[in-house]
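You will see two complexes here that share chain A, one where it goes with chain B and one where it goes with chain C.
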Partner chain A sequence: MTNVTAAIAQEEQILFEQTKRKQRYRQFIKGVLFLLPSIVLFSVFLFYPLLRTIYLSFFLTDASGATTVFVGWDNFVTLFQSTIFQQSVKSTFLFVLYTVPLTIIVSLFLAVIANEKLKGIGFFRTIFSSTMGISVAAASVFWLYLFHPTIGFLNIIMEVFGLEKIGWLTDPSWALIAVSATTIWMNIGFTFLILLGGLQSIDKYLYESADVDGAGYFYKLRRITIPMLSPTLFFVVTVTIINAFQTFGQVDILTQGGPQNATNLIVYSIYREAFTNYQFGSASAQAIILFIIILFMTIIQFKLGERKVHYQ
Partner chain B sequence: MRIPIGRKVITYLLLILAAFLIFTPTLMAVVMSFMTNQDIMTGSLPSAFSLDNYRRAFEQFPLLHYLINSFLISIIIMIGQLVLASLAAYAFVFLEFKGRDFLFYLFIATMMVPFEASIIPNFHTIRDLGWIDQYTGLTVPFFAMAFGTFLLRQNFKQIPKELREASQIAGMGDVKFYLTVVLPVAKTSLITLGVYGFLTSWNMYLWPLLATTNDNVRTVQIGLRQLQSQEQMNDWGVIMAGAVIVIIPTLILLFLGQKKLQRGLTEGALK
Partner chain C sequence: MSYIELKDITKSYHAGNNILEEIDLTIEKGEFFVLVGPSGSGKSTLLRMIAGLEEVTGGILKMDEKIVNHLQPKDRNLSMVFQNYALYPHLSVEQNILFGLKAKKISKTEQQKRLKETAEMMGLSDLLGRKPRQLSGGQRQRVALARSVVSEAPLCLMDEPLSNLDAKLRAQMRVEIRRLQKQLGLTLIYVTHDQVEAMTMGDRIMVLNDGKIQQVGKPITLYNEPANLFVASFIGSPKMNIGRAEIKEAPGLLVNNTLAFSADARLQEALEVHKDIVVGIRPEHIQPATHYEATHSLEVVNVEQLGNETSLALDVGGELWTAKWPGQWEIETGHLLEVYISQEHLSFFDAQTEKLIRPASFSGHGEVQAI
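Presenting the complex of A and B:
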């Protein structure tokens, strides 16, 4: 008798397990189906290319991109010995140094003054965010005119002040600064918008209680605004750095990497090596270096961010 | 709280000065697009207002064709991103299955791979698929999007779980729940993401440069590059007219959706 009940119970248990497993299996299939389009596209256009780039970086290729000779680390060794590549890395880091802090400082300043409750503030916010809607190509064309040696606005101003005209895009010591100025201008719109959003989400109560204590404007800025804004600032810094490493369009229109490779930033260098010189192996090695730099930056940002950032 | 008058004046002065500095490059381009070439070359103030530059930009270049291409491509990418990101976000919020966390980390990992670092194999893939000079080659690689998935996931999470349970008891399947409940509730976020997707697609530069070789599918950004490189020395009025046409759609979109975009992007940034 007990045996029979036990057997039935066991059978039920098995049946229960089976349906549970079946259900779990169905859940799994459903989940995967919802995610499948994204997974397939990520695999084809992101993960596969990344692996393929690593693979290519160890080979020489023909003009169609097919591998010909395995060369091991040679592509990397050659790159690090090449003065052109060294220049490219140096320019890229200088470019990051020129653009990131200034973008953040200028945008933060704009966000702070545009966060006041004043009449017509919406108009100023719109103006400040406007550069976000301007494409790389258009922005570069605008600045190409501003930098024009004879009719350009900047040199006209120089002349008015009795200063010597500058070959903004043709002088190797100015070209990178010119490209950086264009980039900062382009970045301001997006950075401003994000920082303004961050400022607006700070609890008004904090300011009110500081007012009660008689705190001054700059005291509040330093002790409330900046700390409370730190998560947003942290995000904006990361995005700006990564964007700076990926700069391409400005260089392509303004300088084509010149003069004397002064503005041959890494993505432009990859582009030129791959699609004008057809050296896909060497270009892939550069792409891997870019990938490692960005990965490294992201990790450093996260590590530093964890410690320094004040979360609510 | 009232703002003291002195600080008000200083703030206004700073606002006006900053607005002037930021807007000068754009403003100069707009003014130049209406000027005669002679005025531009001599550096004088505009002596006459003319639409001549716009007429010539459209006549000498297939600008209208480029514009249509850009519109189609941006809209296709936008729709593709919305569909894929909302499906993925739905799975991450409402479906429970083994391996979900792993897939979530996989999505996070994709944000660390810059598109520029994988551009060489991607170019070869597109070429081997015969997608060069095709809309598919210009759009499909951008459909999957981790940022959009995270943004929508944040939004979907605010939908009460009880709602899903109730709908399950009523016998409503996942697809129906996704279509009739989740998507309408998340309308605002979908619009934000759509605007963002359209803006970034419209402004794409490197990929359309590689994936197009003729005027048939070329986007307006690359068209502007052509215009600029062919006319470089002399015709600034025409170049600026072209540039102004390129930025008008995105500026309008930005001005209309600025508030939403700001809120949406900040939310997505700080999950």
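Presenting the complex of A and C:
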């Protein structure tokens, strides 16, 4: 009698385990189904190209991009020995240095003044964020005219002040600065909008309490606004840096990487290597290096940022 | 000595649409003054005007005999506690408390001295290094209070400071705030929508509705002699029972077509002047017919046992009235209940103007006991 009941209990136990496993399996399938769209999209547009790029970077290719000779690390070694690539990396870092801090500072300033509750402030907010709606090509052409050596607005101003005309896009010592100025102008719209959003989400009671406590404008800015804005600032800095490393459009339209490779930023250099020189292997190697640089910059930023950012 | 004086204060955001009208008020030094009213009555706006966070549209605001209409908040020498405490989330408790002192560039030694005193007084000494998100609701509330105490401003404004706390903590903080105010001799203006807070904390209460003052006075006065129907139903919990009265075959009156009362000579006079009359009676004045002979019998609709008292819902001519009996009573719903209602406990209001005609005549003797 007791043996029979024990056997039944055991059977039940096995059945129970089986059902549980079946259910878990079903749950897993369901979860994967939900993830499937992003898995497919990421695979097609991200993972496969990334792996393909890594693969290509170890080969020489013909003009159609088919691999010909396996060269191992040779592509990378050649790159690091090439003065043009070194120049390209240097220009890129300089470009990041010129554009990121200035973009942030100018946008922050605009966001702070546009955050004041004044009549007609909506008009200024629209103006300040308007560059977000302008395409890279349109903005570049617009600046191309401003930089024009004879009829350009900038040189007309220089003339008015009795200064010598500058070949903004033809002088190697000015070209990178000119491209940076264009980029800053173009990025301000987005950065401004995000920072303004960050400012508006700061609780107004904090300012009122500070008012009652007798805090002045700059004290409030330093002790409340900046710390409360730090998560937003951090986000904006990260995005701006990544964007700066990936700059392509303005360079292509304004300078084509010249003069004397002064504005030959890495992405432009990759493009030229691949689609002008048909060196897909070397271009892929550059792409991998850029990927690693951006990855490292972002990791460093997160390590530093964590200490300074106050998440609520 | 009047410390704060409001003369004919008005406020409007759009011309012709006043959200506060003709506010005349004086507040004495060291007084605990409560502004109470339903949401949207303008009480917070009035407080923010006193603080200087909102502009005064019309009228004169005086503090210490000086007109302060156009002074910045920081020049008014006051502190304020906000409903959501307005603690700086990125600063520690210590930095939060010292924020104002640092802004005013008070010396380091003085800062530390005041910090120590305040932290001890508020029981925050062990929490100084924490961030606000690591604190419980009650502790945050204490930090907000400490910020106000540390400023040593003689006037403190509080805007619904307890509304984010649970009921138990609220009762405890009520006592603490009251004690703090007495201890420091603060003049305190306290805004709340909770009439229990107003009754229990205030030296004087101002009831505000739709931007107009309804009544200013001591809590007990407001309870016993409410100036109009609004105050009558707003102050007191459960609220005062209100019924429409008709004069039936003088000298008597009939409330809600159900309850008959006799009218004395003085009442008759009053009834002749005012055509429509509304009577009010407090729940505790509908009494059990044990010590007295029953005057009316009413149908019991619902019984709530609270342990120390029993709350009854009674049907009076189609309206629900509440009665509150001390102690525990075993009463079944649906039955007729014998009750004692004395005519002298009735308050009379004019139905048109909603103004008080005659308060319950018992008041002044017997109800408030002084020891």
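Simple rule for what comes next: the second predicted complex is superposed on the first by the 312 of 312 C-alpha atoms of A that agree within 3 Å, B and C clash if a C-alpha of one lies under 4 Å from a C-alpha of the other, contacts with A are read in each partner's own complex, and residues count from 1 in each chain.
We take it that contacts are C-beta pairs under 8 Å (C-beta built on N, C-alpha and C of every residue); 3 or more make two chains touch, one makes a residue touch a chain.
Please read these numbers as outputs of a predicted model, since none were measured by experiment.
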item	value
Partner chain(s) touched by A:F42 [first = chain B, second = chain C, both, neither]	first
Which of chain B and chain C A:P227 touches, first, second, both or neither	second
Most chain A residues touched (candidates chain B, chain C)	B
First (chain B), second (chain C), both or neither touched by A:D203	second
First, second, both or neither for A:S173, with chain B first and chain C second	neither
First, second, both or neither for A:A215, with chain B first and chain C second	second
Which superposed partner A:I242 touches (first chain B, second chain C, both, neither)	first
On chain A, positions contacted by chain B and by chain C	208, 211
Chain B - residues contacting chain A, complex	1, 3, 7-8, 11-12, 14-15, 18-19, 22-26, 28-29, 32, 40-41, 43, 83-85, 87-88, 90-91, 95-100, 103, 106-107, 110, 112-125, 140-141, 143-145, 149, 174, 199, 202-203, 205-206, 209-210, 221-222, 224-225, 228, 236, 239-240, 242-244, 246-247, 250-251, 253-255, 258, 261-263, 265-266, 269-270
Of chain C, residues touching chain A in the complex	51-53, 72-74, 78-80, 82, 84, 86, 88-91, 99-100, 103-104, 133, 147, 151
Sites on chain A touched by chain C in the complex	203, 205-206, 208-216, 219, 223-224, 227-228, 230, 310, 312
Chain A to chain B touching residues, read off their complex	24, 27-28, 30-32, 34-35, 37-39, 41-42, 44-50, 52-53, 56, 65, 109-110, 113-114, 116-118, 121, 123-139, 141-146, 151, 153, 156, 185, 188, 193-194, 196-198, 201, 207-208, 211, 217, 231-232, 235, 242, 245-246, 248-249, 252-253, 267, 270-271, 274-275, 280, 283-284, 287-288, 290-291, 294-295, 298
